[in-house]
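Several structures are given next for inspection.
One chain, chain A, appears in both complexes that follow, with chain B as partner in the first and chain C in the second.
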Partner chain A sequence: MKLLHIENLSVEFPTHKGPVTVLDKVSLRMERGEVLGIVGESGSGKSMLALAIMGLLAPNASLKADYLSLNNQDLMKLTEEQRKLFVAQNASIIFQEPQTSMNPCFTIGRQLMETIELHGIRRPKKQKQRARELLDAVGINEPELRLKQYPHQLSGGMNQRVMIAMAIAAEPKLLIADEPTTALDVTIQSQIIELLLELNRSREMGLMLITHDFALMSESTQRVCVMYSGQIMENAPTESILENPRHPYSRALLDSIPHIGERHHMGQRLYSLKGTIPAIDHLPVGCRLGPRCPKAAKECVKPPRLEKIDQHGLVRCHFPLEKENQSEGSSQ
Partner chain B sequence: MTDLVLSVENISKTYKYSSLGFRQQNIFALDNISFKLRRGQTLAIVGESGSGKSTLARLLVGCDNPTTGKIFIEEQDVFELSKSDQKKQFKKIRMVFQNPYSSLNPHARIGTTLEEPLKINTNLSSHDRKLAVKHALKRVGLREEHASRFPHMFSGGQQQRIAIARALILNPDVIVADEPLSALDVSVQAQILNLLMDLQEELKISYVFISHDLGVVEHISDQVLVMYRGKLMEYGEVDQIFDHSKHPYTRKLLSSTPSYRHTVNYKFKKIDPEFKKLANLKSGCVFASRCSYAEEKCIDEVPKTRFLKGHRVTCHWPRED
Partner chain C sequence: MIKILLKQLTILILSFTGITIIFFSLAQLVPGDPVILHYGNLTPGTEQYENAYQELGLDESLVRQYLIFIKDVLQGDLGRSTVTNHSVLEEFFTFFPATIELSLFAILIALVFGVGAGVLAAVNKNTWIDNLVISSSLIGYSMPIFWWGMLLILLFSLNLGLTPVAGRISFVFDIEPVTGFMLIDTLLAYPKYEFAAFYDALLHLILPSVVLATVPLAVIARMTRSAMIEVLSADYILTAKAKGVSNFKIIWVHALRNALIPLVTVLGLQSSVLLTGAILTETIFAWPGVGKWMVEAIFRRDYPSIQGGVLLIAVFVILINATVDLLYAAINPRMRRPE
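Presenting the complex of A and B:
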């Protein structure tokens, strides 16, 4: 059973220089209960993908897709209103900064109950009970007290838990977590990720984890999509990507993180890609990684296609890296 | 020139705070922190938010004065000096901030921004200043003509390079970098990290590197100081901290970081909520309420910092295993 099935999803924004494509023919699938990671630098379109799935794009954006289905329902065939309702019942999203995603003027309880009401529980008493259950489910102690408090009275980690409580209020089949822990401390970060994974297991809820932190990704996800300037560069099982990334960009991302045990007095330097991600309206010709790629050659002026590599996954590169035996050449 | 560029002795910072006419309270932002930094070495300061890392940074660059304690710059106690001499001493310590964009003046050309510290602190002629700016830009991997541009014309990584150039321009002994990488993308982080390490090798600068990213800390530092709520928890050589950490808080940090979780393999017991409440009420060890090894003594008595095999630990029950 497919939870999410996207074929050739593109998002365009009109600008005074003409339309700009911020997502370019993205295709991906998620099974029920799967944990999918999406990695990439800022500006690679990770968040745009999440917003497109949720139908939260700005009104001037235009979305095109050959096929976009959530929970076996083709979203492109629904009207705007129907689509909103269907997505709200089947998917939720949590964002990076919990403090800014909540309304500072209302208590936690009121905001939580508002969400619960939208999902069909009318009686205030029942709403409150449900709110308490939800706070309990996300591991908040003294839920009775918390319901009366305002967002600024809770810590960042607590607020993120409340956000998660709101997100799971409708028992969604898909939860998109857009950098859920970037604004939090490491000790809190591990608690939040554990909570998300726990919910994923206990409720069979698909989890799309968007992050730029490869280490975080490595231990929680089953598959990883590496994105770069609006395109999927590599899509493969997490283990294969970590052990043997086939796209030079994935390799570079992995190598630019310090490895455990690599210490300063050994005089090592990290591998780093030259330059930065190109502006979306000034894309290079052909492969978008081209000017920064260590392996770039003449053919790279032709745009590469996302192609299948056996026993690995999909890779968008003219010269995919060879399978190596063990992490040779991982650092310069 | 001595080998010891910066040493800090028992530095504390208390802020007075009163809200809406309630009685004034003292907030202990920093409590008895000491460390020594040698030339060409890097001291990393780690801890969660609110642990006083940035307060420490502010004190080190002279933005603020400590309530008690001494700062020695090249073995000279700065608070014994006159105000103007103090300024001269603090000139040897420069700072790089977390968010490069907000730390650069958006209305000023890069050249002007870089020239300013020279105007204030030196008697160089305009021509010499311009030369120094060009030199500094080249050193951080930018081009001369960038001097006439504005900050918004650069990417985040380039802006951070400019901030580093500004710190370098007075030839400091120490650069205090407060989370210099956290606003940048991973591939750019690696570039800046490499630049910092190259500069250190070339110019023998010392860094006080404030970060919450333990991977980066392990990579760049010689010594590590772990802080929690303004107190020193553990301080020692990088090998000691990462391979033989003794403080439960350090262990907790290490095992919360995804890349270390499997390598360190520390066990934690669940904390009794009753004990947690008790620990929050009493003023013993600041970490007691979150510590899974805490015992009665921890909530009654403040632990002293002790020396254990070349490394300092503030704990009643330092871990041995």
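Presenting the complex of A and C:
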């Protein structure tokens, strides 16, 4: 049973220079209850992917896909209204900034109860009861008081918990967490991730964890998609990627993580790729990583395809790294 | 909330003191001898003149004169009109209900249509609807309202004959002024003319309030538009969409509730524009309100009336702004103290 099945999803935006493609033929699958990580730099299109799945793209965006199904329902066959309803019932999303993701003019209770009402509970008394249960489920104490408070009266971590409570109100089969901890303190970060994982286990709710933090990914996900410039570069089980990344970009991301205990000599810099992610309306010819790739060769002016590597996963590279090359590339 | 109330009260007292000081100083600058202004042509040096001089308290120091002035104002004594010899305060409040009625109606029109147009423009950003709203609000904002008023009279009253040219009610109706608000008074006199008088009063009210509403409407429309555009791109709107909230509710509840916050401030600032506009509008439509009363006082050089009128209008603007500030605190949860 597929929870999420995407084949060749592309998203285009019109600009005065003509249309730009922010997502280029993205394909991925999620099983029920799976935890999938999407990792990439800012501007790699990972948030755009989340919005596209949720149907929250700006009205001027155009979405094309060979196949897009959620919970075995082909979304492309539904009308706009049907799709909105179906997605709201089956998937939820939480965002990076919990403080701005909630309406500042309404109390926590009103926002929670609104969500609960949308999922069929009409009687206010029952709505309130359910709201208390939900706050309890995400580990918020004094739910009675919180229901009467406004978002600005709660801390960031607490607000993110409320967002999660709101997200699970519909008992969704898929929860997309778009950088859920980036705006929070480090100590709160792990609490939130733990909460998400616990909900994933106890409710058999698929979790798509979007982040630019590979370290966070390594502890919590079963599978990772590495995105760059609107394309999936590598899609493989988390363990394989951590032990043996096959794409030079995944390698670079891993090497840019500072390790505790590993002494860095004075003046030695953390590894980073040269240059920055290309502007989406000014992409390089061929492989999009090309100009920044340490392994780039003549052939890289031809766009590589996402190809299967046995016992690993999918990699988009003409010269995938070999198994034994583990430490190469980090010496810079 | 109590803290906000106290703060507003302090501001109120301070601005009142400021206004009275400015007022008192202005009265000193009025050209001519105050004794002659009050009592007619007395020759300086005569006993009569000296008596009058003392009676007006002009032999006191300026500070004492100011304090006496404040005492009189607080007791509601703003002097007597030199033309009618009625108390200025009483005259002001005879004419004030007409102005309030007109202004309330105008602000109602401005709010309903201004907010409506602004929301419509924001939702249809960069389409012909948006352009239409922006350009007509610019025209509305820049048009001199006395000219606009005359154009409307020409079209609706003279050419189409739909609305009366001037006044608050036709002469055939004899309505006893109970509250001073014509719409209410015509209803209070109900069995006498059935609803004919009320309907007639309403017809009289439409054109002047449309004219008076024009500038605030344009400002409110533009303000609503920009506030809504900003709010609609906020994260919580995305959250609401993801939850499956209907478009209608997102726009008119989630977004508008937040866009109202900057709008309330604009509303307060527009109140003084409205009272200034009322002076022009009332003159054009022969509307018997304080605006027309003040203009007449100016033409008759009725200084006590002019001064009293301006002071009272200033006090009302301060009061309205204080109310608006309280309203602002009430609708913006972030202004309240965290519990």
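Here is the rule we use: the second predicted complex is superposed on the first by the 318 of 332 C-alpha atoms of A that agree within 3 Å, B and C clash if a C-alpha of one lies under 4 Å from a C-alpha of the other, contacts with A are read in each partner's own complex, and residues count from 1 in each chain.
We adopt the following convention: a contact is a pair of C-beta atoms (placed from the backbone, for glycine too) under 8 Å apart; a residue touches a chain by one contact, two chains touch by 3 or more.
Predicted model only: the values in this text are computed from it and were never measured.
Visitor: Putting chain B and chain C on the same copy of chain A, do they fit or clash?
Guide: With chain A as the common anchor, chain B and chain C both fit in the superposed model.
Visitor: Taking the superposition as given, does A:Thr79 touch the first partner, chain B, the second, chain C, both, or neither?
Guide: A:Thr79 sits against neither chain B nor chain C.
Visitor: Taking the superposition as given, does A:Ile93 touch the first partner, chain B, the second, chain C, both, or neither?
Guide: So A:Ile93 only meets chain C here.
Visitor: Scan A:Glu114 for contacts with chain B and chain C and give back first, second, both or neither.
Guide: In the superposed model, A:Glu114 contacts chain C only, not chain B.
Visitor: Regarding the shared-chain residue A:Met166, is it in contact with chain B (first), chain C (second), both, or neither?
Guide: Only chain C; A:Met166 stays clear of chain B.
Visitor: Per the contact definition in the header, classify A:Gln311: touching chain B only (first), chain C only (second), both, or neither.
Guide: neither
Visitor: With both complexes superposed on chain A, which partner does A:His212 reach: first (chain B), second (chain C), both or neither?
Guide: It touches chain B, and chain C stays clear.
Visitor: On the A-aligned overlay, A:Asn103 touches which partner chain: chain B = first, chain C = second, or both, or neither?
Guide: Second partner only, chain C.
Visitor: Please indicate which partner A:Ser202 is in contact with in the superposed arrangement: first for chain B, second for chain C, both, or neither.
Guide: A:Ser202 sits against neither chain B nor chain C.
Visitor: Pick out the closest CA atoms of chain B and chain C after fitting on chain A and give their distance in Å.
Guide: 5
Visitor: Residue numbers of chain A touching chain B in their complex, please.
Guide: Those in contact with chain B are residues 41-42, 141, 185-190, 212-216, 218-219, 252-253, 255-258, 260-265, 268-273, 276-277.
Visitor: Please give the residue numbers of chain C that touch chain A in the complex, ascending.
Guide: Chain C reaches chain A through residues 234-236, 238-245, 254, 257-258, 261, 331-334, 338-339.
Visitor: For chain A, which residues count as touching chain C in their complex?
Guide: 51, 54, 56, 84-85, 87-89, 92-93, 95, 97, 100-107, 114-115, 118, 149-150, 152-153, 163, 166
Visitor: Enumerate the contact residues on chain B facing chain A in the complex.
Guide: Those in contact with chain A are residues 42, 48-49, 155-158, 185-191, 193-194, 197-198, 212, 214-216, 218-222, 238-239, 252-253, 255-263, 273.
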